[in-house]
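Going by the order they are written in, the chains are A, B, C and D; count residues from 1 in each one.
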Amino acid sequence: MSAVLDAGFFRRWMTAAAAAVDREADRLTDLDSAIGDADHGANMRRGFAAVAAALEAEPQPTPGAVLVFAGRRLISTVGGASGPLYGTLLRRTGKALGDAAEVTPEALAEALGAGVAAVAQLGGATAGDKTMLDALGPGVDALGRGGGFAGAARAAAEGAAATVPMLARKGRASYLGERSIGHQDPGATSAALLFEALVEAAA
Amino acid sequence: MLINVPETVVADALRGFAAAHPELTVDVENRVVVRRDAPVAGKVALVSGGGSGHEPLHAGFVGPGMLSAACPGEVFTSPVPDQMVRAAAAVDSGAGVLFVVKNYTGDVLNFDMAAELAEDEGIQVAKVLVDDDVAVSDSLYTAGRRGTGATLFVEKIAGAAAEEGAPLERVEAIARRVNAASRSFGVALSACSTPARGGPTFDLPPGELELGVGIHGEPGRERRPMMTAREIADVAVDAVLDDLDPSGPVLLLVNGMGGTPLLELYGFGAEVHRVLGERGVPVARTLVGNYVTSLDMAGASVTVCRADEELLRLWDAPVRTPALRWGR
Amino acid sequence: MLINVPETVVADALRGFAAAHPELTVDVENRVVVRRDAPVAGKVALVSGGGSGHEPLHAGFVGPGMLSAACPGEVFTSPVPDQMVRAAAAVDSGAGVLFVVKNYTGDVLNFDMAAELAEDEGIQVAKVLVDDDVAVSDSLYTAGRRGTGATLFVEKIAGAAAEEGAPLERVEAIARRVNAASRSFGVALSACSTPARGGPTFDLPPGELELGVGIHGEPGRERRPMMTAREIADVAVDAVLDDLDPSGPVLLLVNGMGGTPLLELYGFGAEVHRVLGERGVPVARTLVGNYVTSLDMAGASVTVCRADEELLRLWDAPVRTPALRWGR
Amino acid sequence: MSAVLDAGFFRRWMTAAAAAVDREADRLTDLDSAIGDADHGANMRRGFAAVAAALEAEPQPTPGAVLVFAGRRLISTVGGASGPLYGTLLRRTGKALGDAAEVTPEALAEALGAGVAAVAQLGGATAGDKTMLDALGPGVDALGRGGGFAGAARAAAEGAAATVPMLARKGRASYLGERSIGHQDPGATSAALLFEALVEAAA
């Protein structure tokens, strides 16, 4: 984790994310059918496939550029709640990275913090509302505390699992009231996959 | 399912829609359906959109007297801002565009982004949020009430105001008024099957029903043993009236979720009329049919809109769309 | 099912229909739906009817430019002669009445009895039998081809001719011409559930479909593993064209059986257009929707009608009914 | 079977028929759902219930009048194929009985023969087409041969059972072609019930 991260790393991250959400699409959709509208897997698959294809066609020069570009593609291809939210996460993280050719993991952690804050602001959710934030937050925090990508992935996965007993207060799951309890949030689950993809990209 | 592959369902439907409706301009590639004569000089334009799977909403409501353009998203997934910006640019005559947005996190976020982008391009944009579903409490603990059947009332009535030449602020105000005067309640007798999932979105055994469902195949607020049409009408109408308390005449939409036969829907409509009569609510206009659907879900929703003379006049005004058509 | 009890389903639906359509005269007790301005002086009247469960057929097609009256029977059961005689008496202006009868033993026998009785009352009656379903071979070994989607074409076009003032023999001749020029083929992706039975009328596992079904929840000619919309369109259109062989432009009805979402139906429509294009058949007009249904059956049918200029003109003529409405 | 049959007997016959089709309605509908449109039970129940109620309100004076009246009620309340066919069966049988106050079983057999012939003419079906005629025919024949009501009921039931291997050539079942084979015809089944009801009426 001492290595600096270049644009190639960030492209690998996005490719690994595309592979992960493709692999797990059915599980994400199953989770979304329990407390949502059964499209989260298809949404993530469509969005990250578009990101991976676009980056293949137009490889971006810097880490920041890769994420800003990826974020824009998500916004343009996903729709739903997750499109603008994940799109904003990547765009704002990318913007925070500036135009450096290489960034440190610490800089990424900080930039991701800005990205997550932007997601919270856009969606109006806070920790404990049973959303993607409940995996994004712990993941980024672990990274910021020097836990490395593996530690961040672990924390994000635990965060996702911790959404099971929560009562949803944002997104579609909130319509269910008490009936949202007992199910893991699909967006938190896909967020944890993004951290897993970071580990893969670094491997 | 009568499809090719889940990935092309929306594009396939748009191709079919284009073939069936030469009177509209359908951009299959960019997923925008536009009134052929748009932009209409001096006229405020109405743009709506949302996830697919609710047909005829919204594309079926494009045409003179209603929407200027519609943006269909993937199944149950809000469209993306690019579609809305493209639609706005295609229909804006300079008089401005009203976005009609059903209150779902995804729709709100995507339309908000689109509004910003469209304004950057010099288009004046106003927005109305439709949130009529009383099954969801409008509190800090939810994303707010869902937008369901009232969308039809808002699009029809605001569309008529725009057709009459009302300016943007006025079209927006009327749209807000219709939404504020409307409430809905829905029930599901079966789940629906999305193409991506290939099967029911939740498990609802025959002999049970879900009260307080939306239009996205999500479970409702409460599961109950099967009830009669009479009992369901009592529950639905009372839930609506509890929150609305109309004094005068109302518009009534008895809406099928897609999988309930029209025969049953009319029978349910009779019971809805009965309860409204018992509660002393005069029904000025009734619409019965599958208008705001949830794929093949069996079930129905009731939408009531408090109507004054102006709303009734605008409701009765001519409309010429694939799914709603009268007058002229 | 969204019903009270099976016994009152048709009466309940008629009450709801009456409440939703004050522009029609609905005799709930005697089960007759009549154009409010009937009898129209000098105009030939069209009366149709059949089992319920096919809504909007037939009551949804009553109004200027189409049917003068409709007689709904019990679910999937032909109405009784009393209804037809009452309807004929209510709409006959002296110019005579055309009975539009779908070719089912029950409908044929009951309408025949009604025609005798009406003639006894001094009403001039002509009859047209609709038998467009190519899935049934028209041989000594069957009751003949079934009447399905072409009913809509016959009622619309003959209705327009009557509205124009054509005399009875001419309205009858046009109705026969439309029927002779029309063929249909249907598929089911699920069975339907009748109220009396309370469950599916036959067992069709997901992943299989029935080719060549009618509109009464009966199994089709052949069961097959699930096919794509593209493959189904190939089979359906080829079955129709085999028997029709149109040289010029056609009217096309892509009809939903009730339980197939409009989203899928439009996608299927795109495939139907593709095959017709590949076969060199130009489509002059397309109608996509749930018009001749089989309760909640998932599936669709394709009806093609060879059209000449006169038929196209009559098709485009104004119509003002609950389910079909354009022009004027 | 030497006893003559009066109007009371014919009213009892109709009441017994109403009870029998009510009892067996689900079975008739099940049979009809296999090769038809799943309404035969409801049709027969509705029709004979109306007949029984109407005869209660307006008891007809003669055997012939009872059957003509019952046939008219069937035509006015059943619809479908079975309404006109059964309605014609009873009307024509009743007409053949004339206005005698009492009739012999032999006269009934002969009158029923005329009724069955009218059904065959109206529907254009013949024996072996897998219709109600395949029970009506054998039932009436047995009665005519002096088999008594019990013998007629037995013959009609056997006739109904014999429709199982037949290929339908009339009515809805004919749409199924070969697939109609292997199912008992619903109309033949209800026809057999009418003969059972004769036995009950005589008991």
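One rule holds in what follows: a residue touches a chain if its C-beta (ideal position, glycine included) is under 8 Å from a C-beta of that chain, and two chains touch if they have at least 3 such contacts.
Keep in mind that this is a model prediction, so the values were computed, not measured.
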| item | value |
| --- | --- |
| Chain labels contacting chain A and also chain D | none |
| Centroid distance [mean C-alpha coordinates] between chain B and chain A, Å | 31 |
| Centre distance in Å when chain B and chain D are each reduced to the mean of their C-alpha atoms | 53 |
| Chain B and chain C: spacing of chain centres that average the CA atoms, whole Å | 29 |
| Numbers and ranges of chain A residues touching at least 2 other chains | none |
| Chain B residues counted as touching two or more neighbouring chains | 75 |
| Which chain pairs touch, all of them | A-B, B-C, C-D |
| Complex contacts: residues of chain C adjacent to chain D | 6, 51, 73-82, 104-106, 109-110, 113, 135-137, 140-143, 146, 194, 196-197, 201-202, 214, 216-219, 221 |
| Chain C-touching residues of chain B, taken from the complex the two chains share | 1-5, 8-10, 12-17, 19-20, 52-53, 55-56, 60, 75, 189, 199, 206, 228-230, 232, 254, 258-271, 273, 283, 286-288, 290, 293, 295-296, 298-300, 325-326, 328 |
| Residue ranges of chain A in contact with chain B within the complex | 29, 33-39, 41-43, 46, 75-85, 122-123, 167, 169-172, 174-177, 179 |
